[in-house]
Amino acid sequence: MAEILTLREAVQRFVNDGDTLALEGFTHLIPTAAAHEIIRQGRKDLTLVRMTPDLVYDLLIGAGCAKKLIFSWGGNPGVGSLRRLRDAVEKGWPQPLEIEEHSHADLANAYVAGASGLPFAVLRAYAGSDLPKVNPLIRSVTCPFTGEVLAAVPSVRPDVTVIHAQKADGKGNVLIQGILGVQKEAALAARHCIVTVEEIVDDLKAPMNACVLPAWALSAVCPVPGGAHPSYAHGYYERDNRFYQDWDPIARNRESFTAWIDDFIRGTADFSAFQEKMGQARLAAQEAE
Amino acid sequence: MAEILTLREAVQRFVNDGDTLALEGFTHLIPTAAAHEIIRQGRKDLTLVRMTPDLVYDLLIGAGCAKKLIFSWGGNPGVGSLRRLRDAVEKGWPQPLEIEEHSHADLANAYVAGASGLPFAVLRAYAGSDLPKVNPLIRSVTCPFTGEVLAAVPSVRPDVTVIHAQKADGKGNVLIQGILGVQKEAALAARHCIVTVEEIVDDLKAPMNACVLPAWALSAVCPVPGGAHPSYAHGYYERDNRFYQDWDPIARNRESFTAWIDDFIRGTADFSAFQEKMGQARLAAQEAE
Amino acid sequence: MMNYSTNEMMTVAAARRLGNDSVCFVGIGLPSKAANLARLTHAPDVVLIYESGPIGAKPSVLPLSIGDGELAETADTVVPTGEIFRYWLQGGRIDVGFLGAAQVDKYGNINTTVIGDYHQPKVRLPGAGGAPEIAGSAKKVLIILKQSHRTFVDKLAFITSVGHGEGGDHRRQLGLPGAGPVAIITDLCIMEPEAGTNEFVVTSLHPGVTREQVVENTGWAIRFADKVAVTEAPNETELTALRELEARTAAAHGQAGGEE
Amino acid sequence: MMNYSTNEMMTVAAARRLGNDSVCFVGIGLPSKAANLARLTHAPDVVLIYESGPIGAKPSVLPLSIGDGELAETADTVVPTGEIFRYWLQGGRIDVGFLGAAQVDKYGNINTTVIGDYHQPKVRLPGAGGAPEIAGSAKKVLIILKQSHRTFVDKLAFITSVGHGEGGDHRRQLGLPGAGPVAIITDLCIMEPEAGTNEFVVTSLHPGVTREQVVENTGWAIRFADKVAVTEAPNETELTALRELEARTAAAHGQAGGEE
């Protein structure tokens, strides 16, 4: 049953060193604030699962929180590479990063299987691809009716999933609208699910067949307005395309990255302090132009 | 790409003798008018698939359209037995009916697998049940990661699925709201899908994540107001509980059943003529009380 | 104390087994009536899930079908039926599966398929519905049905949904995730599985019911626990809530909420 | 005739390959730009599906990410990502998969994973994304990318997404449902698979492009079809629509729709 907590409390209570952690959100509703808080609390040896590692995992990897990454596409959308991810894979900095690589269809099915309580997913995939040669967890099953050989992949069942959503009601029921990605499946596949939300409202006013996660299926709901920045929250704010571009020079080398997280993340008490500091820095940059 | 057709044309064009046919709708939006039209057109040797055969399949079985039934629960909800289904299974009237019996979880997964283009579905099911002893299509697969043995069942892939929905727009995009059952999966699992709708509107005004079937995934959309009677269409009309009760004595013996379909179905040109005749009969019955 | 019928006793006794905050997968008919009575009395936060798709349904009248519009309108959300079985039941999120039955045996196995030979049936029953996987995957199962020689049988013609199988730890050997049936609530008594054998024995007799009545209405050699309680009679709150629920249902549907 | 860039020629040539009424699974970047140009010119009813969930998206500006809000707002419906891959792609409902690539070989196989050894990479690329299954299950595939010695290579370090595999009927032997890539559209030319070998050969040169330029910018011994056409230059309608689309995009995002 969801408790309404601060994000700090939720991370303290539910995220442990060594956990398998999924922060999901498919370009929309990416739980950035949660990634910051995990860095602030200095979690270590995490196995990170996410279809599109994006800036949130560039952050966690560069900050030394991760020992392994399970993913299917790692880039800075519309900009280019994830510099910290590449540095970890190519040069082992700040520590070697084991990678377990899949395709989107595979991971999406693996989340569905995880939510369904199944140990594996079946899909028509990978024939002719080299990915099974480098990922021994891509195996096969034979259809007992047709004899067709299909791909079998392990389901994703994180210790903790964190997602961001538009709103929750006072009981902790959560409504997600717009691009849904794999958030519902990631939430239901996990032992614990933390949801950061833009706001808590009296009545969700959810359409009858909307994507609602009932409070009793969640561990914590944390109000964090703006918590998906620089991605967007449909109906609340737009994607901060500028930030995705600004990220590239910050993350390009180790020194500028470390200075940035020391300053903006480790040097702020919480996401709201981060937002204030970031706002001041941008204002200063504008004035300097 | 959906064409907007009369139900008569749609059944003529897409439903053939010997087809595997799924009329879905889980207590809500049951495509009764389509069942009537299939009887009118005298289709034979159909393999009928449906989780809950309900009155629609009692009709088709009693009228001699079916050679086989694939199902998971066959009753008259809130009333009792399906008399025509039982007569066919127990006594072979009007012809022997082969039955292939599953559970709801199995058939729901089998529709999902069919919609997913997979030959089979995997689920945790049937351990300790006698159903696999009488249904050789309930088999098993072993998880290549954990060794767990799970049930494997063939996917449902009908030649034709018919569903009823609230509305379509002029292009043939369909919106379903309320209890969704397995309709979307049944529609997408089939080679052809016919959708009867309460009305055709200019704009569906569908919420962003509503259940919408795009016109290009359908074969025909047919306006048939009231076409889900005696089940209900959320937002249009309520369940006609009285009709479910009235059905029991009609279907209880062969003569009364045959007289009823000769009179009300074979004796009417289409569903609108049926509705008029039924209305008159009910009025007469009320006056006689 | 108010007068009450044996059916009312059964429904009230079943309702009491549902804790507040528990997540309950509800079959239509008696289970639905008992689960909603629980919600309207001691367990206002019980979460009711119906296989048609509603999660968190709070109907003010009893549904006649498993997918009445009232269920959708009062639910927290309505999902596809496939999702109900996949994410919510198989996903391990159901605390209590609440089932009816046509026949039950001493290990809580259920037959809803056929009387007589499967291929030459004497009586063709409706079939499995959602029960086999509810019985398998819900963390625990409650069974509610009226007791008689024909419904409590020594040997089922067909096991549709497994309880404790052949007894003892057979259920665990089958690898089923849930604990299986923890109580059978009838119009005469409450039965619970005996430690070790997992054979259902009478643990509570409803007020005024004798052991002989139970024996007469059970098709196997029913045994009684060392200590047999007397079920607390329905109190005024429970009876009033139940009768108002039934009255609202009759007014809305022109018939009672299905007993079948 | 208006002047145009080679990039514009590439986008226009790619857009022309999309028929009206076809259902197109769109990758971000160049494929998305070409597919939306088709929709804004000769193919107003083309159905665009993005892996993030929108079905029937009709964006007025190009998305920067695969899940921009504009895609959701203009779509006929928005479904979960799992459903996109399960019901719509694997379900066999995609006519055209429209892919970009980091590298391609003569059989239309695609590398988006790594340059150098997988475990000791020279350059770590973003990875597979949706491409392996789009390449496998779409009824046919179009590939769009700028041509150079580094991108059109003789031997891929890694086959992320299969085209015609080792050529000939290898793809069919692999049991893949779709027909595979039917064209590679570059800033220099159009290549199509040769009957029998399924090796990509040049079938059309863009206006002003020489065979030597193509040879220089291809890492394998590129061959030319018996008849090599000259691609029709972009017409005013196409160029105007493309430039307006790019101008709207720049105004909305402060940057061009991602080329990557």
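Letters are used for the chains, namely A, B, C and D, taken in the order the chains are written, and counting of residues starts over at 1 for each.
Following the convention adopted for this analysis, a contact is a pair of C-beta atoms (placed from the backbone, for glycine too) under 8 Å apart; a residue touches a chain by one contact, two chains touch by 3 or more.
Since we're looking at a predicted model, the values are computed, not measured.
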Exercise for review: Spell out the chains that contact chain B while also contacting chain C.
Suggested key: A
**Study point:** Selected interface, A-D versus B-D, where C-beta contact pairs are more numerous
**Key:** A-D
Revision key, fill the gap. Cα centroid separation, chain A vs chain B, in Å, comes to 41
Review point. Quick one: chain A and chain D, Cα centre-to-centre, how many Å?
Key: 28
**Study point:** Residue numbers of chain B (touch at least two other chains)
**Key:** 112, 117-118, 123-124, 148, 178, 180, 184-185, 208-211, 234
Revision key, fill the gap. In chain C, the residues touching two or more other chains are 72, 78-79, 86, 90, 137, 177
Check your understanding: Between which chains is there touch?
Key -> A-B, A-C, A-D, B-C, B-D
Review point. Within the complex, which stretch of chain C touches chain B?
Key: 28, 51-54, 64-69, 71-72, 78-82, 84-86, 89-90, 109, 113, 118-119, 121-124, 126-133, 136-137, 158-162, 165, 170-171, 174-177, 253-255, 257-258, 260
Check your understanding: In the complex of these two chains, what residues of chain A are touching chain C?
Key -> 1, 112, 115-118, 173, 184-185, 188, 206, 208-212, 214, 216-217
**Study point:** Parts of chain D lying in touch with chain B, wherever the complex brings them together
**Key:** 21, 23, 47, 55-56, 72-73, 75-79, 86-87, 90-93, 137, 177
Practice item. Using the touch rule from the top, collect the residues of chain B that touch chain A in their complex. Key: 117-120, 122-124, 137, 139-141, 143-146, 148, 150, 152, 154, 177-178, 180, 207-211, 234
Practice item. Under the touch definition given earlier, write down the residues of chain A that touch chain D in their complex. Key: 26-28, 51-52, 71-75, 77-81, 85-86, 89-90, 101-106, 108-109, 111-112, 123-131, 134, 148-149, 178-182, 184-185, 211, 232, 234, 238-239, 241-242, 244-245
